[in-house]
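Look for subunit A in each of the two complexes below; its partner is subunit B in the first and subunit C in the second.
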Partner chain A sequence: MLDVSRVQKELADCNKDKAISGVSIDLHGGDGDLSHLAGTISGPVGTPYEGGTFRIDVRLPSGYPFEPPKMQFVTKVWHPNISSQNGAICLDILKDQWSPALTLKTALLSLQALLSAPEPDDPQDAVVAQQYLRDYPMFVATARYWTETFAKRASVGIEEKVQKLVEMGFPEALVRSTLDSVNGDENMALEKLCSG
Partner chain B sequence: MKRDAGEADGDLSDAAPASSPLRKKPAAEAERQPLPEMVETSNSSANANIVDAVDYEWSCFADDDRMQQPSSIAEDEAAKKPLIGDKEPLSALAEEYQSGSPILLEKIKLLGEQYVALRRARGDGNCFFRCFMFSYLEHILETQDKVEVDRITAKVEECRATLQNLGYTDFTFEDFFSVFLEQLESVSRGACTSASHELLLETSRDQSTSDYVVMFFRFVTAGEIQRRTEFFEPFIVGLSNSTVNQFCKTSVEPMGEESDHVHIIALSDALGVPIRVVYLDRSSCDTGSLSVNHHDFIPDLDTQKEISQSSGSDIGNFSKPFITLLYRPGHYDILYSK
Partner chain C sequence: MAEEEDYASSSDMEEEDMSGFYLSDREEDVLEETVLQGLESQCEEDCHWSVSSVITKESLLAAQKEDLRKVMELLALSEQHARTLLIYYRWDVERIFELLEQKGKERLFSEAGVTIIDKNRATDLLNSSQSVNCNICFEDVSQNAVTEMDCGHSYCNDCWTEHFIVKINDGQSRRIRCMAPKCNAVCDEAIVRTLVSARHPDIADRFDRFLLESYIEDNNKVKWCPSIPHCGNAIRVEGDICCEVECTCGIQFCFSCLSEAHSPCSCQMWELWTKKCQDESETVNWMTVNTKPCPKCHKPVEKNGGCNLVACICGQAFCWLCGGATGRDHTWSNIAGHSCGRFKEDIAKRTERARRDLYRYMHYHNRYKAHTDSLNQESNLKESIQEKISVSESKQSKIKDYSWVTNGLYRLFRSRRVLSYSYPFAFYMFGDELFKDEMTPQERDLKQNLFEDQQQQLEANVEKLSMFLEKEFQTFSDDEVMHTMSHVINLSDVVDKLCKQMYQCIENELLYPLQRATHNIAPYKSKGLERATELSVCWDSDQSLRSMKNNNEGSCARWDLTVNVNGRHSGSRFPGSSSSDESGCSSSTRKRPRRDVAGGAAPFDLNMPPEVIDNGRY
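Let's look at the complex of A and B:
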């Protein structure tokens, strides 16, 4: 069984200094489900991710905190240790090096540190890693472009987009989840909502 | 669900050479030449999403393949044995080596002069901590030694303070501390009957309770190592070439990480509990006379003084461990002396 009281303490602990730490975590949906959370990381200063806000899908298995949280980037990101396709993350503490001594906050901070210090020799995305090693300036340009395209647009004015789509007659929860799935692209969300 | 994924992993890993650095990546992704301009139109971004859907499962499996497949085999094997086994006569050990090394058989015979029985622990990387847990709680259950219970309770509070001083957040360790203290309370509450013994065995075999106590010991061990960094540093550098802090993060705190002499020294010191480890291996000396080596891990002198003062006995008395573990390379079990 999921240790509910611990998760609640973790949420409070993580969010109390989010302005300083640059990481935060909230419930994913409004239904109070503590096993599905949404984390955010602000891109570290001095990296191609600077200025971006990266959203992380966090799922807690029933064995948490003995089993690691399952984390995946929702915001598309160009990084050797994160899949540019599906956001899967290659980080030891999310796998065999997880320990109950770690927390959601330390895990998110580790992801933030990973953005600052890629490990191309242990890649999740071989293409990105190869580019990082062979053509570093191109890597930086691409990573910065992806940050501009995906990590900024999604976080700006999401509420306006929700409102607009809700006014068109779609249920709010569906609008939010659809916007989520297309990284906040309003047109694609509308297309998806219409095609049902 | 998990097992199904594991089997699918197996198929994929068979198809890809283990040495290929691209093994984890779906072919479609490897062939893509991603440049900034490729994603400029929303059209190609939509295409990328279609590729996502197709690739998604593939890459999940490939990733799991690397991380989970080997461990799931080990887990399946281990799960067949209870976390803590029944008491077995020492002859059961001899049977295991019937067609094996004569040195080992001879050593088992020698063990029989001092020890009568053993109790096995599951080989899941936590065996040292689990053996220590059972052995210690069983000792308290059988002796009902209130002085020892008070002493260790005070020690546990010191360990709690150590972790707080090191900057650990309370909620990361408090649950594990309370489960251990509950277990201690439960075994020191009354006489040792067959029912209370059965209960101890039951809780030690319960995955959740047992893992909470193991994790408690891992916290205590990590705290002690970091509290006395200077003392432990040379051992750790020799063992793993990492810093004390890294060592705790990677080799002490994660469940399933095996224990070495560093862990034993730290746990024994932190709780002030001496531990004897008897080594059953193929080593022999040239003089022809075979002997079974053992090492007593005795808590550091300060702790010893504290203990002998509180119990009124002298240091010499104290240094006889009541916990004896049998070590075979890579694994610990519990030994019972005559």
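Let's look at the complex of A and C:
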């Protein structure tokens, strides 16, 4: 059975310093299901991913933390170890190197580290890895373009979304924090606001 | 006996006459000469040797004790650490000692996940009343509900248990690592056993079984017998693991690839061959090139002449060039109302090639099949011959010993097998599939001639042997029986020699000069396949399991258990393991030449004329 109390503690612990760490994690849906979470990581400074916010779909198997969490990028990202098609991640600690002493936060931090330090020799996406090795400037340009296109859209026009939700009758402060927590996804924010 | 004297007196004869092509109408003294040569060549043993033993469920623990003991003694380890080390290095004790030299103890241990507890550290344990925070479940637990592994990482017992269960269910019993990130240490098997059995005794039992079976699963020298339904045995081979063995359940198999014994075919050749025979890919190949499916009934249709309008037996006419259905109204150059952009490839060439390949395959397959069938038929001979023997023995005659018949029969079976497998071997040896780039056509022709000469000789003599063995000797006069006997004995010997020669030719003339050939061929054994003998142990499996469970850390003294290894347990070939000589386990049988062992195992000595054996000259 899923260790509920540990997951709850992890959530609290992870979000305590999210401004500093750049990673956060929340429930995916409003139904209180602890086995389906949504993580975010901010693109590391000095990389083509800088300024982007990347959403990660996190599913906890029933054996968690003795089995590794299943993580997948929801935000499209151009990276040798992340599938450009479906966001699947190639990272050892999510597979055989997982240890029950690792946490969701450390896993997300590892993903963030992976963004700064790709390992093209052990690729998930062969096309990206090829480009990384053969035409690095092109790789950087593509990765940056993808970051601009897919990882920043949420923040564009955030004011419009706030206004829209405020007009529906929710208090502005709550709207802003909710939008923030779901990374600017309007529909998810609405869902969350409605479920209270 | 007169014959015996002949053997003795002619001992100075040379072995040069190796034509081996035995003709039944030669003079008698020539026959005897051949017999003699057989005796002499008997003395030379193959450089390949392997000894095999059967490991049953009951003897599994005993079988690995020797290896464990060696590692424990030489590295001063507890049994469980020795086991961890052996599992990691695939039960290759020699390799462990080699690596010990190269890497040193520390690296050897740490790579395998063995951590030796630092006794000093253990003293600064906290007061047991104090509670600590477990780093996995984030709960505060009392100190006595926490377990520390040898590597120094401690977590609460519940978390450990959960971790062990997940790993065991995941099939990773043999290497359950510590829970700390990047910690390579393998968990103490006693702790795993204790914690898991408190909650799930069945899983703990499984854990024990997995550990025990590691000796088979993670060991190049031990393999499960491939019998179906499974006989429950495993076979251990010492020496050259490229060999063919026979399990006590009766099945004979190739130890390398676990399929039926197939030498002189290499494993790769045999795999290709069985696959080829199975899907008859040559036939399919020929059909794709030479036939087209009828557009109506889809039967393959071959064009046997005429123009491009082809009529199927179902009545449908179609265009041979594009395969499309047409009407029957046509001329030599076109079909009414039909036109397909005709793109002609060199169909003729392709057809020619496919046909040649098919005929070639059929040639080898037919002969392979013929000998396999003969072998099957001849196995029926076994019973009828037994009857004939008992009839003969009850007769009033001066010939009392009929073991030459059974010996001859076993020789026939043995050589028949060699003969039948020599055809798939030749198919690949001289075909394009494996060695095309390794030989020039001239070289290949040369080799092929050489090999085929030997094969033909063998074949002729095997058939002749078969013929003599099928004779109704129980109705013969004494003279006729003597005549048949000498033929059978001589032919047996010639056939054995020819088999040996063929294997030598394969090794030295055919395969050896090839650069990239990695075809290991199980050596020929005159006496037939190595029969694995059972390791006999004086305890039952329950006991052995119990002893394993009771085995606490540091208790190296479990070795007083009596293990009778039947004189086969030869972990003795250890350069550095002189200290193990005192074990008394198998020291009396050590350094025994292999022939004794093998001779004891085989019920028939296939090479010896019975008189010789009877007179104790062997």
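What we mean here is this: the second predicted complex is superposed on the first by the 154 of 196 C-alpha atoms of A that agree within 3 Å, B and C clash if a C-alpha of one lies under 4 Å from a C-alpha of the other, contacts with A are read in each partner's own complex, and residues count from 1 in each chain.
To be clear about the criterion, contacts are C-beta pairs under 8 Å (C-beta built on N, C-alpha and C of every residue); 3 or more make two chains touch, one makes a residue touch a chain.
The structure displayed is predicted, hence computed values, not measured ones.
After superposition onto subunit A, partners subunit B and subunit C are found to clash with each other.
Once the two complexes are overlaid on the shared chain, A:Ala126 sits against subunit B while remaining clear of subunit C.
Once the two complexes are laid over each other on the shared chain, residue contacts for A:Ala101 go to subunit B and to subunit C alike. Once the two complexes are laid over each other on the shared chain, residue contacts for A:Arg6 go to subunit B and to subunit C alike. Legend: residue contacts after superposition of the two complexes on their common chain; A:Gln85 is shown touching subunit B, with no touch to subunit C. In the superposition on chain A, A:Tyr145 makes contact with subunit B only, while subunit C stays out of contact range. With both structures placed on the common chain, the touch criterion links A:Asn187 to subunit B but leaves subunit C unconnected. More residues of subunit A are in touch with B than with the other of subunit B and subunit C. In the superposition on chain A, A:Phe66 contacts both subunit B and subunit C. Of the two partner chains placed by superposition, A:Met168 touches none, neither subunit B nor subunit C.
Among the options 1-9, 37-45 or 145-153, the segment of subunit C that ends up inside subunit B in the superposed model is 145-153. Subunit A residues in contact with subunit B (one complex) as well as with subunit C (other complex) are 3, 6, 9-10, 65-66, 97, 99-102. Across the complex, subunit B is touched by residues 3, 6, 9-10, 13, 65-66, 78, 83-86, 88, 90, 95-103, 123-128, 131, 138, 141-142, 145-146, 149, 182, 185, 187-188 of subunit A.
Of all residues in subunit C, those touching subunit A in their complex are 135-139, 155, 159, 162-163, 166, 179-183. Of all residues in subunit B, only 21-22, 24-26, 29-30, 32-36, 39, 42, 45-46, 48-49, 51-52, 55-56, 59-60, 63, 67, 71, 168-169, 171-173, 175-176, 211, 215, 218-219, 222, 249-250, 253-256 touch subunit A in the complex they form. Against subunit C, in their complex, subunit A makes its touches with residues 3, 5-6, 9-10, 63, 65-67, 93, 97, 99-102.
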